[in-house]
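What follows is a pair of complexes built around chain A, which joins chain B in one and chain C in the other.
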Partner chain A sequence: MDFIVSQILTGLSLSSILLLVALGLAVIYGVTGVINLAHGEFVMLGAYGAWLLQTQLGLGLIVSLIPIFLLVAALGWVIEVVVIRHLYDRPLDTILATWGLGVMIQQIVRLTAGGELRYVQMPPSLSGSVNILGATDSAYRLFVLGVALAMFCLIWVIYRYTSFGLKLRAITQNSGIASCFGINSALAYRVTFAFGAGVAGLAGALISPLKSVSPEMGTTYVVDAFMVVVLGGVQSLLGTLASSGLLGEISGVLAYYSNDTIAKALVLLAIVIIIRFRPQGLFAPRVRA
Partner chain B sequence: MNKSRRTFLKLGAAAGAFTVTGFPHIWSKNSSFAYAQGGEIKVGVLFSLTGTTAIIEESLNKATIMAIEEINAAGGINGMKIVPVIEDPASDPATFAEKARKLVMSDKCVSVFGSYTSASRKAVLPVFEKQENLFWYPTLYEGRECSKNVIYTGAVPNQQQDDFVPWLVEKFGKRWYLIGSNYIYPKEENNYCKKLLEGLGAEVIAEEYVPLGHSEFSSVINKFRSEKPNVIFSTVVGDSVVALHRQYRAAGLDPATMPMASLTTSENEVAAMGGDAAAGHFTSAPYFMVFDSPENKKFVEAYKARWGGDKVTHFVSESSYFQIHLFAQAVAKLAPSDIGPLGIRDAVKGEEYKAPQGLVKVEPDNLHCWLRPKIGQCKADGQFEILQQSADWLEPNPYSAYPDQKCTSEGLKQI
Partner chain C sequence: MSGKVSFQILTYGVVCLAILLLPIVVDDAFLLNKYSRYLVSGMLAIALSLSWGYAGILNLGQATTFGLGSYCMAMYLKLKTVPIHTGSDGLPDFMVWNNVTELPWIWVPFHSTAFALAAGILVPALFAALLGWFMFGGRVTGVYAAIITLAVMVVVNLIIIDQQSYTGGFNGLTDLAQFELFGFEFDAYSASTYYLVAIGLTISLFLSLAVTRSKTGLILQAVRDQEERVRFFGYDVALYKTFVFAFSAAIAGFAGMFYTIVMEFASPTFLGVPLSLSIVIWVAVGGRQSLLGAMLGALLVTGVQGALSESETFLETWTLIMGALFVLIVLFLPKGLAGAFSALIDRLAPASRAPISQAVENSPKAEAHIGGAA
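Moving on, here comes the complex of A and B:
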């Protein structure tokens, strides 16, 4: 019994990190259609934000979360205004531009903060472990899971139950017609991009106590995030939730019975096969082309 | 008579190369080139100052430069100054080979000191073997190499494990979990470890490799929980080692009953993960920063004075430092006309030096070094406490996991 519980918890922990990292990307990609290859760098900036606030100002991780969200969102806003908005109709150019941005952000961090690996102290109140149905799990990992679900609910509520969300859905279905009805799609795009960047920053700050913080750390997360979003279905929030849950649990089980190297390979293979037969992803919403 | 005639010829050829300056050096082969000219000896320094391994290689570069400055400040080698030619191979094996070629062929360096990863060493090896030059490699590595053009001053598996593994078995128990990054170094270390464990009647309950750069260890830690090993033998490297230690601690596991034993976690890695995450775990190495010897006190003080008070020294920066002194001793034994890569290699065989870790010696057969392994336990302040040191220096055996092979001065022999 406790074995099954701890296996489920491990999977959930993997899922929560995937979900956090993918949410920002799902929001940006789903609404604006921008393939943001600098997404991993937003995650990295969040982690560096946590490190900076902790070492320079002595702030704990939990109180730093909101300033980090705001700072990275502000950066996202600026990037949208300066670069992204000129490229909305040119998807290939956005890939190149965001990739270039990512490289620049990485190098700027390396030059200012240095290339050393950094670490972020875990909040003392969450550094213990908790007993659930006979299985032990890190309190901090459960906290990350809670925040990931809360963020998902928040985005879901905004998307489904606010007038801004209604506008976003209209833009997603057909931005031309939406504009004809008086929706300011340029502003909606800007807000969405900034919000998505902020969520990525938040994800980076949350995972920083568990991982090492380095200028290159974003590269792995951008791959994970795309994996989740593509598998889940590009314009489906629920798909993002389901696919991160699925990927987390599957890689947890595979890694337990074999090892992480094989788990990673098998999961990627499975995704390739699924995409071959369901190119729209598992949970593609029915939209009229 | 014969010798002096050859010397004369060499000098003549060198002078020829020198006077006919307009000529390309096509006809002046390396063998007739005078390496010690105008009271200067040129050496190459090849550590990455940019790229992924720059953080650690920068400290090796610093220790190397410091040693060169020390020797020059004390009057040089028989009055000749060492002139370092510093190149940045940018953590890329192909660039390593290219820069090594430049240092050897166009800069005419008599030796090159450098590199950290096995991949970069393998990349430069053909350059030194083809050009009959000499490479000095300061890093601990997996062994299984027998080059006549490399002086290895870091530890090989038998030197780090011979004392360490039995000590851990006796202190903690016989159920071992081997975890490593998925490449050659951890596999070779584990090959030797398994051999030792077999001899001690201990059991390997799992041998697992994670991808390089892997940072999610929750499944691995789950297995630690359910398997309950006595010792976790970790050859995980790079940023993965930081993630492993931090997640181990977050999971609430206890180093007192299930310690991680490592061959690569030095003061440098501990600084990256935080002392709280490293405290209680064990490392075996020939050198720790806290080691109490007059030579080490001098080394640490000089290093901090030269590069900053917050800097740490570790077992690879220590060997980067003492190999320069071994080089200087070897050159000092030679007549100026005999100074050349192979002359230095032959002169350094059997050479001894009082390094910060204690007296070390170059083994004439395999060109590796006799070293003094120690066992350290990490403390929360980021330093180690030395619990045990080997009674005597330990012979290097790069083929310790392969008893039917032996590295001799004639090359690799099958026994």
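Moving on, here comes the complex of A and C:
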């Protein structure tokens, strides 16, 4: 029994990280159609933000979450204004431009903060472990899971129950007609991009105590996050939730029975096959285009 | 029109000749080895220009087929190494360390030169043909095709790293013999290897030119601009796309074989995400819709990078500049330097070619909508 519980908890922990990283990407991709390959770098910046605030200003991780969110969101805002807004009608080129931006951000961090691995301390109040149904799990991992779910709910509420969310949904269904009704789609795209970047920064800060922080760390996350979003269905937030849960649990189980490398290869292979037969994702909503 | 074609062939020929004659001026073995590496990147750029520039398939995993070709050559050369580096019965050293007692069956045919040389081109081509059939048969296009190629590359890379006892794992295949053909040995640090690669580059360039100039090439460009319309005309779009995908893979595999000869090893980084994305940069800088432009873009970018790599700080800054340059080119020069160049020529000589190029210029780009339509 406790074996099964601990296996599920391992999967849930992987899932929560995937969900956190994928949420920002899902929001940006779903609303603006931009494939943001610099997303991993936003995650990395969040992790470096946590490291910087902790080592330079002595701030605890939880206190620094809000400034990190705001800083990375501000960067996202600037990037949208300078580069992305020129590319909304050239989706393939957004891959290239955002990748170039990612290379730049990575290199700037390497030149300023150095290429060596950095470590972020866990908040002391959460460094213990918790007993659940006979299995133990780190309190911090559960905290990350909680934050991931809270973020998801927040985005869900904004998307479903606010007038801004209503505008976003109108834009995703038909941006031309939405504009005719006086919705400022350029501003909506900008806010969305900045918000998605901020969420990525938050994700980076939250996972920084679990992993080592390095300029290259973003690369792995962007591929994983992208797979989650595509698997879940581009415009489906619930799909993102479900697919990150699914991928996390599957990777956990596969990693137990073989090894991490093969688990990753198998998951990717499965995703390739799914994209081939269901490019709209597993949980695509029925949107009339 | 025929005047334009012969002008193009002439330009391509002059550039290739200049590349072939370079060792007359340069007599430094180390430099020639470096230049051979740049030429290999030129071949890779040609391969990507074919699939991306001419057929609209953004292959983010071009390095997969490059790596496969490179490993084929490395397996062949590994089996040729002098016995000090091998175990009993000529078993490669890393297999001995991994307690492999017998040469695995995939390795056995690589004793044959003819098989190895053919495999370096055919294995990547078949791999790409299968993947192409899988993707294009299901009408996977644009972004999704790009993501599939990227994911497949990561899978192949992970498998090679994981299967250490058959592939050398993370370390790759090292301690290779020198390539020998008809009794002539190609030293990696010599003019002979440079000539070998330069000839390979010339062959790839002209074969690709022939493809783009053929009727198939024309249909591929039509597919790039309006896939649906070409399908309505009754063409088997998937077949054409699979063909160009496999052809581009064959060139990449060909380049990979040369790369192993020049570098004297093969490693999983040859199938890495960074290399694949570098290829995309080279082609974007040079101009994806011009084979020569893409190739020169690769030579230019790798050349500058190589010149700066002497100093560590310069190289670090260079990566930053590269990223910025790339973003600027995507924003302002979607057709790369070659596009800017031909626009300049058109402006200087408007009467002769304006009508044709104008029409191409104004043709609507594929109306890809990810946002609403699905």
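In the analysis below, the second predicted complex is superposed on the first by the 289 of 289 C-alpha atoms of A that agree within 3 Å, B and C clash if a C-alpha of one lies under 4 Å from a C-alpha of the other, contacts with A are read in each partner's own complex, and residues count from 1 in each chain.
Operating definition for what follows: contacts are C-beta pairs under 8 Å (C-beta built on N, C-alpha and C of every residue); 3 or more make two chains touch, one makes a residue touch a chain.
Keep in mind the model is a prediction, meaning the values are calculated, not measured.
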| item | value |
| --- | --- |
| Partner chain in contact with A:Met122 - chain B first, chain C second, else both or neither | first |
| Touched partner set for A:Leu101, first chain B, second chain C, both or neither | second |
| Partner chain in contact with A:Thr261 - chain B first, chain C second, else both or neither | both |
| Touching partner for A:Met217 - first (chain B), second (chain C), both, neither | first |
| Contacts of A:Ile35 with chain B and chain C, given as first, second, both or neither | second |
| First, second, both or neither for A:Pro91, with chain B first and chain C second | second |
| Touched partner set for A:Leu269, first chain B, second chain C, both or neither | second |
| Which of chain B and chain C A:Gln173 touches, first, second, both or neither | second |
| Touched chain A residues, chain B compared with chain C | C |
| Residues of chain A that lie at the interface with chain B and also at the interface with chain C | 259, 261, 264 |
| Chain C to chain A touching residues, read off their complex | 58, 60, 134-135, 138, 140, 142-144, 146-148, 150-152, 154-155, 158-159, 161-162, 273, 277, 280-281, 284, 316-317, 319-320, 322-324, 326-327, 330-331, 334, 365, 368-374 |
| Chain A-touching residues of chain B, taken from the complex the two chains share | 52, 54-55, 182, 208-211, 213-216, 218-220, 222-223, 225-226, 239, 242-243, 246-247, 249-252, 271-274, 276-277 |
| Of chain A, residues touching chain C in the complex | 29, 32-33, 35, 83, 86-87, 90-93, 95-97, 99-104, 107-108, 110-111, 171-175, 219, 223, 226-227, 230, 234-235, 259, 261-262, 264-265, 268-269, 271-272, 275-277, 279-280, 284, 287, 289 |
| Residues on chain A engaged by chain B in the complex (per definition of touch) | 3, 6-7, 10, 13-14, 17, 115-119, 121-122, 127-129, 136-138, 140-141, 209-212, 214, 216-217, 220, 251-252, 255-256, 259-261, 263-264 |
